[in-house]
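Same chain, two partners: chain A is paired with chain B first, then with chain C.
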Partner chain A sequence: MLGLALDLLIAALVIGVALWTVRTRDDFAAIVGFVAYGLLLTLAWARLAAYDVALTEAAIGGGVTGVILLRASIRLKPVATARKPIGARILVGLLCAAISAALAAVVLLPMTPAPSLAIEVRTHLASTGLGNPIAGVLMAYRALDTFLETVVVLLALFGVWSLTPDAAWGGRPAMAVPAAAFGPLPLFGRLLIPVGIVIGVYIVWVGADAPGGKFQGATILAAMWILAMMAGLTQAPSIGRWRLRLLLAAGPIVFLAIGLAGIPLAGAFLAYPEALAKPLILLIEVALTLSIAATLGLLVAGPPDVTPGVEP
Partner chain B sequence: MTALVALFSTAAIGAGIIFFLAGTVGLIRFPDGLTRLHALTKADNLGLGLIVIGLLPLSSSVGMALKLVVIWALVQFAGATVAQLIARVARSTERGE
Partner chain C sequence: MTAALMATTPGGLLLVLAVVVPVIGILALWLVRARDIEWVAIATLAVNLFLSLATLQAVRASDAPLVYLVGGWLPPLGLALRVDGIAAVLMAMTGAIVAVTALYARGQFGFDPQGPERRRPMVFWTMLLAITGALNLIFAGEDLFNLYVALELLTFAAVPLVSLDGSRDTLEAALRYLVFALAGSVLYLLGVAVIYGAYGTLDLVVLSEIRGAEGALLLAIALMTAGLIAKTALFPLHLWLPPAHAGAPAAASAILSALVVKGSFFLILRLWFDLLPPGLGTIGANGLGLLGAGAVIVGSVLALRQARLKLLVAYSTVAQIGYLFLIFPLATGSEAASPFASLAWTGGVLQLLAHAFAKAAMFMAAGLVYEAIGHDRIDGFRGLGRLAPITVLTMTLAGLSLMGLPPSGGFSAKWLMLSASLGEGAWWWAVVILAGGLLAAGYVFRILMPAFSTPDAPAERLHPVALTRELAALSLAVIAILIGFLPLSPWPLLAIGRLIQVSP
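And now, the complex of A and B:
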């Protein structure tokens, strides 16, 4: 009874914050609403006992996306948002309502019995050497999806870099918060970053057997890097450095190489030889963690705006 | 013994919730940024601290209890830093800089 009341309260809050975020006219307020919405969704996933999804939503949905949106909105010049003509607004509303109705129909009118591979996953999980079925699905059964996800993150970074002004190409993004040299931010960075790195590595490591994993852990590592850059403890790297580019590409390259090696060794793309499944998955996870952390950090840092060779 | 532990946990978590409630009321009702910040930080450190103290006897292992304490310490640390940063911005805008 109490559980149901809590679920209804969370559902009502999610819908309320979503409506408020869409309705508000101010960029900053809408982004704050979006972050709050992400945190409420985290609670909803946690209530559904989907802790892996909850962790991802908190780290990426609420955290990193919120920061990227904030930095983007600061860069955008304020534009007078003219209200679209009434016809266009009605059309958009109808399309959104149609998508919502279709999704609601899928959820509310499920096939009986619902198609599920959960039991199959449980039975064969031991052969991957992993204890967390989510990690098993991500790294073994649906490895192709995971591989493409990591490539998409890299492509997003290319998109951000393509906004670089000509003069700054090969330079580095300016990240330090003005007057960061004074006040609590550098102290906070110095004390928090070592702790945060340990927690990030722990979340990656524990992901094999419990909720956690490379995306969540990499986000924490990226956050520590971003904090160091914002506090002025370190500078963002020049995007032309080949070592940086190698780091960014290492995850997808290792994943692809092991995937291709699976064709002769295990009979299919992205299949692992059974004896080597656990070490190979671990190798991919480590490479992906480093690449995703670097990519997320640079996504937040944004396009370079410091001309190479010219120090401000 | 179990009843005593349950009583202690309920009392501590209840007191924590009161601090969160008071902090929220302050956030909505107080007149300016600095006083609102003052109300919020009380919810962060005292409210969450009391809830963690209430949860400690209920945790399944020493490791779990330690994690709860670490979470409280991290929130405390982040909250104090962010409060300082926001207060600096609030004061400089007040002075019209």
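And now, the complex of A and C:
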């Protein structure tokens, strides 16, 4: 009973915050609404016992995306967005309502219980040495998706970098540095960063057997790096540096190398020799964590605007 | 049946390599010295061309699709890659056009082998390789989520090409493209979720055997089709295309117009012919055909009214995409043993091929015209034929194919579609095809008439253009013409490995 009340409350809040986020005219308020919406979705996933999804939603959906939106809104001059004509709004509303109604019908009136792959996922899990079925899906059964998603994230970073002014190519992104070296942000940074790094590493490590994993852990590591940059404790690196690029590419390179080695050693691309499956998967996860953390941090830092060799 | 379809075939490894090699190229690009990026990219695309031709040859020789089980896991647990006849043809087309574009783009974008690394060449070559890999995966993918990843790769690679110049206008065009493309992605992903919820698998081969006429399937296909239409720029969701394709640098426009929009189109084709139960989609197929007809007419009329060559060519893409959607009513309405043995199926694929080669050639030529005379205003084209004869020849040949005059790939495509519509008694599609051809003749002659006329005063060429670049553009136009010499009948290759072999 209490569970049902809680679920209803979360559902009502999700819809309410979503509506408010769409309706508000102020950029900043909309972003805060979006982050709150992400946190509420995290609760919803947790209530569904999908802890991996909940962690990811909190880290990526609410966290990193919120920070990126905030930085974008600070960069933009405040613009008064005119309301669309009433006809267009009604049309969009009707379309959304139709899609929602059709989705609701499909979800609420199932023809047969939806088949599930859960049993098969667990049956084959032993051969991968993993304990968390989600990790099994991501690193073994659908490893190709995971590999290509890391390429997508990297490509998104290159897309952000493509907006660099020509003169600043090879330079570094400037972060606003607080005036006082001992203000609240640097102090906060010094206290939180060591703790955050430990938590991030733990979440990556535990991901093989329990909810967690590289994406979630890497996001926390990236957040600590971003905090250090924002607090002025460190500078964003120059995008022309070879070591940085190696760090970004390390995850996909290790993944690909092990995947290709699977062709002669285990009979197929992205197959693991059974005796070595667990250590190889861990090796990929470590390399991916470093690359994803670096990529996410640089996505937040944005395109370089400091010309190489010229310091402001 | 599943067991037979679901085992790695000899040559299946080619499909893995076709997806992986471009990714290796991208990673290498960012790690090698600045002066080496061009040859690394071109070498990667050369390997890719070889792989795609080998794939086509393997499918032809074995008369069966190539299959690879990634990680050795059988779907629905794992992912399979599968290339049938039509996918192999499109992979080979992509390999060829991308390779020729690379030759055309060599030394462009301020690339300086002696100087420091620059933004535009780095971004261009990275995204060109990414588009190649993404399209290979779209043609080879068999799992709807795997295909979603491919669509994301394609979008994230295509959008930065639009704003490569970095001007305000192109940034705006790129942003608009991004919004349309992401809205499309969301709708597609929603459909994927509905299908997974209903069937517990996303593998197209498995799905084609277990699905019935359930509401969930129909809703999912409707959502995914709507999303993919936005990415394909089918009328009336075409608004993003002209500024985006016209604003990109010529080499990028060629890829965007010739190939990128075909990726999402191919997925619509797969949803409608592999997933939708036969006989169910008649109304929907006619609806798609109607939108296609609208695209042919509206796109052509708008192309006629453009003052600038690149915008004209971009609006022509809107129109030529429209023809592709006539496949849906014509192939489902055909009397042939299966839709894949119909005239319209082959006609549609020929249209896709011919347009890809002709449009890539046309955009490259537009870029060369801009370099030769410093602008692309059509009213200033007088005497162009003397200044840049090879480029004008390229535009003429590509234009023939766009109009559908014989002998050309465009003619064969439109002739097959015309025969299909008359054969089925659906004369109204024939009217659209003919009207579109007339309007296309109008906009092509608008370019060619001044180009072939004698100038009032002898004009001068602003910049010399490398002969290899002119020949690169010409070679694509010649291929568009040569496609017209293929036999005018259904092409057995295009029916190899199709999932539904029986007529509804």
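Assorted remarks:
Keep this in mind: the second predicted complex is superposed on the first by the 280 of 312 C-alpha atoms of A that agree within 3 Å, B and C clash if a C-alpha of one lies under 4 Å from a C-alpha of the other, contacts with A are read in each partner's own complex, and residues count from 1 in each chain.
Following the convention adopted for this analysis, contacts are C-beta pairs under 8 Å (C-beta built on N, C-alpha and C of every residue); 3 or more make two chains touch, one makes a residue touch a chain.
Note that the structure is a prediction, hence the values are computed from the model and not measured.
In the superposition on chain A, A:20 makes contact with neither chain B nor chain C. In the superposition on chain A, A:141 makes contact with chain C only, not with chain B. Looking at the shared chain after the overlay, A:184 reaches chain B, while chain C stays out of its contact range.
Using the contact criterion defined above for the overlaid structures, shared-chain residue A:51 touches neither chain B nor chain C, since it reaches no partner. Chain A is touched at more residues by one of its partners, and among chain B and chain C that partner is C. Of the two partner chains placed by superposition, only chain C is touched by A:99; chain B is not. With both structures placed on the common chain, the touch criterion links A:192 to chain B but leaves chain C unconnected.
Of all the residues in chain B, the ones that touch chain A in their complex are 74, 77-78, 80-81, 84-85, 88.
Taken together, the chain A residues at the contact with chain C in this complex read 99, 102-103, 105-107, 109-111, 114-117, 120-121, 124, 140-145, 148-149, 151-152, 154-156, 158-159, 161-166, 169-170, 240, 242, 245-246, 248-249, 252-253, 256, 259-260, 262-263, 266-271.
Across the complex, chain C meets chain A through its residues 8, 13, 16, 19-20, 23-24, 26-27, 30-31, 68-73, 76-79, 116-120, 122-123, 126-127, 130, 137, 145-146, 149-150, 152-153, 156-157, 159-160, 163-164, 166, 171, 190, 194, 197-201, 214-216, 219, 223. On the side of chain A, the complex with chain B involves touching residues 183-185, 187-188, 191-192, 195.
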